[in-house]
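Note that the chains take the letters A, B and C in the order they are written out, and that residue 1 is the start of every chain.
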Amino acid sequence: MIEFRDVSVTYRGGVRALRNVDLTIDDGEFVVVVGLSGAGKSTLLRAMNGLIPATGGSITVGGTEVVGASNAELRDVRSRIGMIFQTFNLVHRTSVMNNVLMGRLAGVPAWRSTLGMWPATDREAAMAALERVGIVEKAYVRASNLSGGQQQRVGIARALAQEPSVMLADEPVAALDPVTSRQVMGDLQRINLDLGITTLVNLHFLDLAREFGRRLVGLREGEVVFDGDIDDVTDETFREIYGRAITVDDLKTADG
Amino acid sequence: MAAVLVVAYTLVAGRTVGFDLSTFWQVWSNPLWEKFWPIPWGWVLDRHNVLDPLVETFQIAIVSTLIGCGLALPLAFAMSPLTAPNRVVLVVSRSIMNVVRAVPDLFWAKLLVTAVGIGAFAGSWALSVFSLAVMVKLFSETVDGADPRPLEAARAAGGRHMPVVRTGVLPTVLPEYVAYGLYVFELNIRASVVLGLVGAGGIGRVVEAQRQYFRFDRVLGVLVLVFVVVFVIEQVSMAVRKRLV
Amino acid sequence: MDRLLGAPGDAWDVFRRMVPPAFGEAVDRGVPGKVLESVHIAWIGTLIGAVLSLPLAFLAAGNVAPVWIRTPVRQLFNVIRAVPELILAVILIPITGLGPWAGALAIGVHSVGTLGKWATEAIEGVDPGPLEAVAATGGRWVSGMRWGVLPQVLPVVTSQWLFRFEINVRASAVLGMIGAGGVGSELVSQLVFRNFPAVGAVLAMTIVVVLAIDTASAAVRRRIIRGAVSGVDEGEADRNAAVLTDLTGIRTP
């Protein structure tokens, strides 16, 4: 279970990215977070694994407090949370395998990973993760030689290699075309159903949110302005979250 | 305003230095010129006279490139805000390297010769320091400019600092590292020509000895030889770099 | 092997004996003046190199010079680069006599090699548009260079000069070791007497001045490059890195 209690994030410049957020997410949920860019979606996800430290309140992930955690505690929490990124964040100049192995960093002694002497079990886990996203044949290809969709699958495999209980996806399809976007969202949905991994996805696109989400959280200027079942969501809800009328730019497939 | 200051300083500096245009044409009547020609190729290409010291120079350059570049790798990571483990390490390593770089290369050589005695050994030491300084300067700029996003991904996976940098940044910057390493090697060969001046070994010892006897024909011969060697190294390292990047 | 293992200890011993540095003695001997003389030498040397290399660079650039002239000019740069300042100074001393002018001239001539090479690369990187525009008005080659190319490369070339100045400050300090003016002679004579506290003072003063010049020059270079690419604030460090990388002749993709 993930619990946000009165969480605030204020940046050094004084910008308040999150204001008094209360949120409870049960194990195995699939939550879509929507909001304009700058509404605090990325901050919400990154506060969960401490990449951006919360400046107030309390966040617990599976019972561990994240706010004010020590480095060792943070690493422990992060090892249980997989994360995938809008720009995939792969190391382009190395193989897909090495990228996926990064997901195993937390469990491998520092000297082994530094020297690149990964234990066989970790290699197997990485292979299994690649198999799950269906690109196992690309394991020894340089990451830069993959298409955008394939790169994002490597990103997902890297997160899966952590064998996480929570998956955070920060605008995972913003850089992809509509068809690939659906496939990647489908992958995430399947992983959530098959493995029971609690999944939070930041999305800008409303059609994808409707199609794949089960629970929807709406952020506006750092505050949660909507939290409910996707079936209860109307165009009016979106208008409220976005503070303006819906345009075609808000849809991944322009005609959908 | 700034222009006036620059001009004024130039005038002052020119006066102190003893700027004298006439040198430019007097230089052609320098009695030394005839001592440069002809190049005694028989002497230059003699194994004992030049080629053995040249091999020694190669050994010195290889050893110091390896030592300098080896030490530069962790140091450059410690010196970049992106990859430094913490602020203290960042500031301390930056300050130390600034001081090391501020000491001219032959000053280092002279100091080390004083400390450990004349010879190839002191030369290797001096060039190691020199390699380290150059390499850290160049490579840390590369690390500064590395893509921070894979680093974020590695951190999000819960890795410790060292493995995170190793897996997230190193592969990205490795080709530049090797390219700069080759460049430093080339610089080391060039620098070894003058190392003899302070009593450090290698080809510089030959240059220095012949210079003292005013055998500039021999000095020129050695310079031409080194020029050719450096040219070959440049071509090889250019070919290697092309493959890397 | 004993020597190998003993060396760090020996080196450490020498450095330890430099502390505390004998600043008073150094000031009495006029070391600060010598350090400044090194700076003057480097400055004049850099200017000589700049003045000689810029016109040559136009003759060496592939996009503005015909092949029959650029090949020999480029080779000239390479040859000059291969002759160290110290050797040049040795050749010059019989004419100029011992002293700073030999050092300045040696640095000036040697700088032509690197400065010429860098400036050539800068010229080869210019936008051909303005050059075409000057040609379209019926301008001569020289006007094309003066009005089409020079304004484009001047910021980069100026920062190259400054960067070379930073290098030359170190080089001129070294030249003093053979009597071509500046602080090098002090280091040598104090080391001969094994007067380590004085050596420490000479080193400390050199380091302070070199660091000050590095910092100031880097700041000016940054401003020049930033001014040249006006309207864009971010990526300034990247551009600086790019300029520096170009100086080594290694281009990153």
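In the analysis below, a contact is a pair of C-beta atoms (placed from the backbone, for glycine too) under 8 Å apart; a residue touches a chain by one contact, two chains touch by 3 or more.
Here the structure is a predicted model, which is why all the values come from computation and not from measurement.
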Overall pattern in which the protein chains touch one another (line/ring/star/complete/other): line
Between the pairs B-C and A-B, the one where more C-beta pairs touch: B-C
Distance from chain C to chain A - Cα centre to Cα centre, in angstrom: 50
Gap in Å, rounded to a whole number, between the CA centres of chain C and chain B: 14
Geometric centre distance via CA averages, chain B-chain A, whole Å: 47
For chain A, residues contacting two or more additional chains: none
Touching residues on chain A, where the partner in the complex is chain B: 49, 51, 74-83, 85, 87, 89-94, 98, 101-106, 108, 110, 113-114, 116, 155, 158-159, 162, 168
Touching residues (chain side chain B, partner chain C) in the complex: 9-10, 12-14, 16-20, 23, 26-27, 30-32, 98-99, 101-107, 110-112, 114-117, 121, 125, 138, 141-142, 144-145, 176, 179-180, 183, 190, 193-194, 197-198, 207, 211, 216, 219, 223, 226-227, 230-231, 241, 245
Partner chain B, residues of chain C touching it in the complex: 3-4, 6-7, 10-11, 13-15, 37, 39-41, 43-44, 47, 78-79, 82-84, 86-87, 90-92, 94-96, 99-101, 103-105, 170-171, 173-174, 177-178, 181, 184, 187-188, 191, 194, 199, 203, 206-207, 210-211, 214, 237-238, 240-241, 244-245, 248-250, 252-253
Chain A-touching residues of chain B, taken from the complex the two chains share: 147, 149-150, 152-160, 162-164, 166-168, 171-172, 174-175
